[in-house]
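Notes follow the structure.
A, B and C label the chains in the order they appear, each numbered from 1.
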Amino acid sequence: MTRRFRRTLAIAAVMFLLPALLLAMVRELFILQILTFVFIFAIYAQSWNLVAHSGQFSLGHASFLGVGAYASVLLVQHLRLPPAAAILVGALLPAGVGLAIGGLCLRLREWYFGMVTFGVTAIVQVLVVEQFGWLTNRWDGLDAPRLVPAGLPLERVADLNYLIALGLMVAAYVAVASIMNSKAGLAFSAIHDNELVAAGCGVDVRRYRLLAMAAGGYLAGLAGALNSHTLTRHVSPGIFGLEDSIWPLLYSIAGGLRTPEGPILGTLVVRVVWEWALRRLGGFESLVLIGSLLALVVIFVPRGLYPLAAAAMSRVGARRRRPAGVTPP
Amino acid sequence: MILDPIVLFQVLVWGVVIGSIYMLLATGLALLFGVMKLINFAHGELMMIGAFLTFLLASRLGVNPYLAVFASMAAVGLLGVAIEELAFRPIRGTAKINEIFLSIALILILQNALARAFVPYFREYAQIRTPYATRVFALGIVNIRYDFAILLGLTWAIMVALYVFLFHTGFGRELRGTSQNRVASMLMGVDVQRIDRLAFGISAALAALAGSLYGIINPFSPYGGTLPAIKAFAVIILGGLGSVRGAVVGGLLYGIVESFATFFLGGSWRDAIAFVLLALVLLIRPEGLFRGTA
Amino acid sequence: MTRLCGTGVTKRFGGLVALAGVDFEVGAGEIVGLIGQNGAGKTTLINVIAGVYQPDAGSITLDGQPLTRLGPDRITRLGVARTFQVPQPFPSLTILENVMVGLVFGREACRPGDAAQRARPVLDAVGLAGKADLRPTSLTVVELRKLELARALASGARVLLLDEINAGLTAAEMQEAVALIRTLREGGIGILMVEHVMRIVMQVCERIIVLHFGRKIADGTPAAIAADPDVVAAYLGERRIRPGGDRAGG
């Protein structure tokens, strides 16, 4: 077991235990709901961030979120799969969509890639509503059954949703951190920096770009399915909107691009600010606030909050280990 | 389906009208890309702010919308200059991707600030009312709305003015020079930051014009700018990035294609057509259909 | 033994013929210079060998195995590594990780776990050992060229394509580079180097290929090249008239 992997596991343990403890102490339903939301959308942001790590900045991530949600709900409805299995199996469909979109966009980078992925989401929406309207109930969408078995008291349902979302978020974290620290992660970084040179070093650019898109599709689809079976209990074509494609980018940038911890921290911080703002200001004002924060982060802290937090933590740690009287250089 | 030539002609007219709006949006984007190699994803929001200002002037103060357009263009032009100055300037030279992120922040800010400003006036949609809304004139066997004729006249007058500015003034020459070779222009003593501000201002003003015209022929909402702007991005990719000629031809053509495609395929395809086209072109000819600079 | 062999390699860009039926050979442990004026096709030839461009005609083999039609990554994995005219490090990776990319994805196909260990001696060899954990932004131009070379070496190359590895170096740094290049071929690596500094070419290369507007006009020992009237007329003579003309290659 490498040092990096041990570090990942240690962080994962903290990431799981702290919120699990919190569950034992906090009984306010709205706080649990907000945190459940954070866990689910941290998976979504994690997915966006992984794809971005390979130099592909997607502006159409809602495709995966939506297709994952529809796939899972349809699996439950038509094949009678239990929802818990359906979310895992259903996410294979958005993984395939990721491969298809990735293949279409292989030659594109930066904002060309962003543009086309955004556009593809509009096409996916039309396909879902028109071509597959008989299956998807068109604009009305579909109701999503509960993730946990029927008959449980509501409070237990909320607790279970919370724990399942938390567990999956931590699992996604370990998976993504492992990918980033693996051979694939090295390839992603090289491709991110310079595709031509990466190929010149022997990196199979197509293969790794597609791999990132498939993995990203799977995770985002999983988040979409989880969301519709727990929080919204419904899925409709509105999910393929611009907003749902922008949120994961916001979370990742705020937390720290291209680190596995960043999206989680970012989702938590942005979401808490958002919930706070919604209660004080109106909806429009809150979005203006979030937009302004994003602009400030991009201009002043382009690397995001996590590197800042990590640096501060290691400074504190270093000070503690140092004998008194010696100041760091 | 029986194809009535009168209907087809009206579909064509609508295509030219909506195409002119795409043309204005795409021209602004192409100018901006030419000079700064920048894509402002919040272009559609500037467009809608322009529509809203024209709407306010027309409905509150009773100004003729076709005059109010100019005030709106000036105001949004200044807003564009401010955005360049306060937002894009500080991140110039950092990773290219930061510009996309910043544009997205601007979308959130402008869109929702506008939506907030909308609240007291109407619920979701507004339309700019002109004094000629119900007037038509006969062109052969079909009737054409007065508004369409004025709108086309205004658009082309502005495009000619832009052409004269770009090709027959010193400022315009500097702008075109910067678009071709930024470093060389800098070395020649051109104040490229001033050119950046100018390009951003013109681009924003054209967006305001596009938005106002859009608001005259369509009901609009604060969120209505995103799709037209995205289509204009598609147009400038199809037209060859930074090519104003490509933007003009591409914008018009796109409007016509969209109008016919919507007519034949049905409304829900309207917005997806742009991307089907875009995807096809990128697969076949990634460098765009036209190539060149302003 | 011939490592790299090209026959009739032709590349057109629209109407422009960048390479017209060029034959070349690089033997094991041989250092071959590639010279010519601006636009002679030197960098184009490097790009064609490396798989960045597909040739319009002709074939290229490495140890008898055909390379034509393969992508750049496949060619690197088979054992042809290159450096770029302008150093192109991966800025978001450390120096060590930059070299690891070569090790992991090159011909060696080293396991990522071992790559960090194996990258250190490579950094040692080019004199970057102390900088392993820095990022490329903190390196000087000379160090960036060394990194470029280290990354290419790490890929386990059998043939190394060096595109103006000496550009922008001082005389002392060039000598350092020359010494390094010479140690490389001891291991049987064949080296094809584009080079503008004639002194260096004459000093290190055993054989020189001269390109002129996409055609090979000479191929021989440094002494023979220097005496070749065609070469003198087409290239060396020109140099005396336009000393500034030896910047970026074609």
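By our rule, contacts are C-beta pairs under 8 Å (C-beta built on N, C-alpha and C of every residue); 3 or more make two chains touch, one makes a residue touch a chain.
All values reported here derive from a predicted model rather than from experimental measurement.
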item: Chain contact topology (line, ring, star, complete or other); value: line
item: Dominant interface by contact count, named by its two chains; value: A-B
item: Chain whose averaged C-alpha position falls nearest the assembly-wide average; value: A
item: Euclidean distance of C-alpha centroids - chain B vs chain C, Å; value: 48
item: Approximate Å spacing (C-alpha centroids) for the pair chain A, chain C; value: 43
item: Distance between the centres, which are taken as Cα means, of chain B and chain A, whole angstrom; value: 33
item: Chain C residues counted as touching two or more neighbouring chains; value: none
item: Touching residues on chain A, where the partner in the complex is chain C; value: 2, 182-183, 186-187, 189-190, 192-194, 196-205, 258
item: Residues of chain B that touch chain A when the two form their complex; value: 39, 41, 87, 90-91, 94-102, 104-109, 111-113, 115-116, 119, 226-227, 230, 233-234, 237, 266, 268-269, 271-272, 274-276, 278-279, 282-283, 286
item: Parts of chain C lying in touch with chain A, wherever the complex brings them together; value: 50-52, 71-74, 76-77, 81-82, 84, 88, 90-93, 97, 100-102, 104-107, 112-113, 151, 155
item: Complex interface listing, chain A residues touching chain B; value: 57, 59, 104-105, 107-108, 110-112, 114-116, 118-120, 122-123, 125-126, 129-130, 242, 246, 249-250, 253, 282-285, 287-288, 290-292, 294-295, 298-299, 302
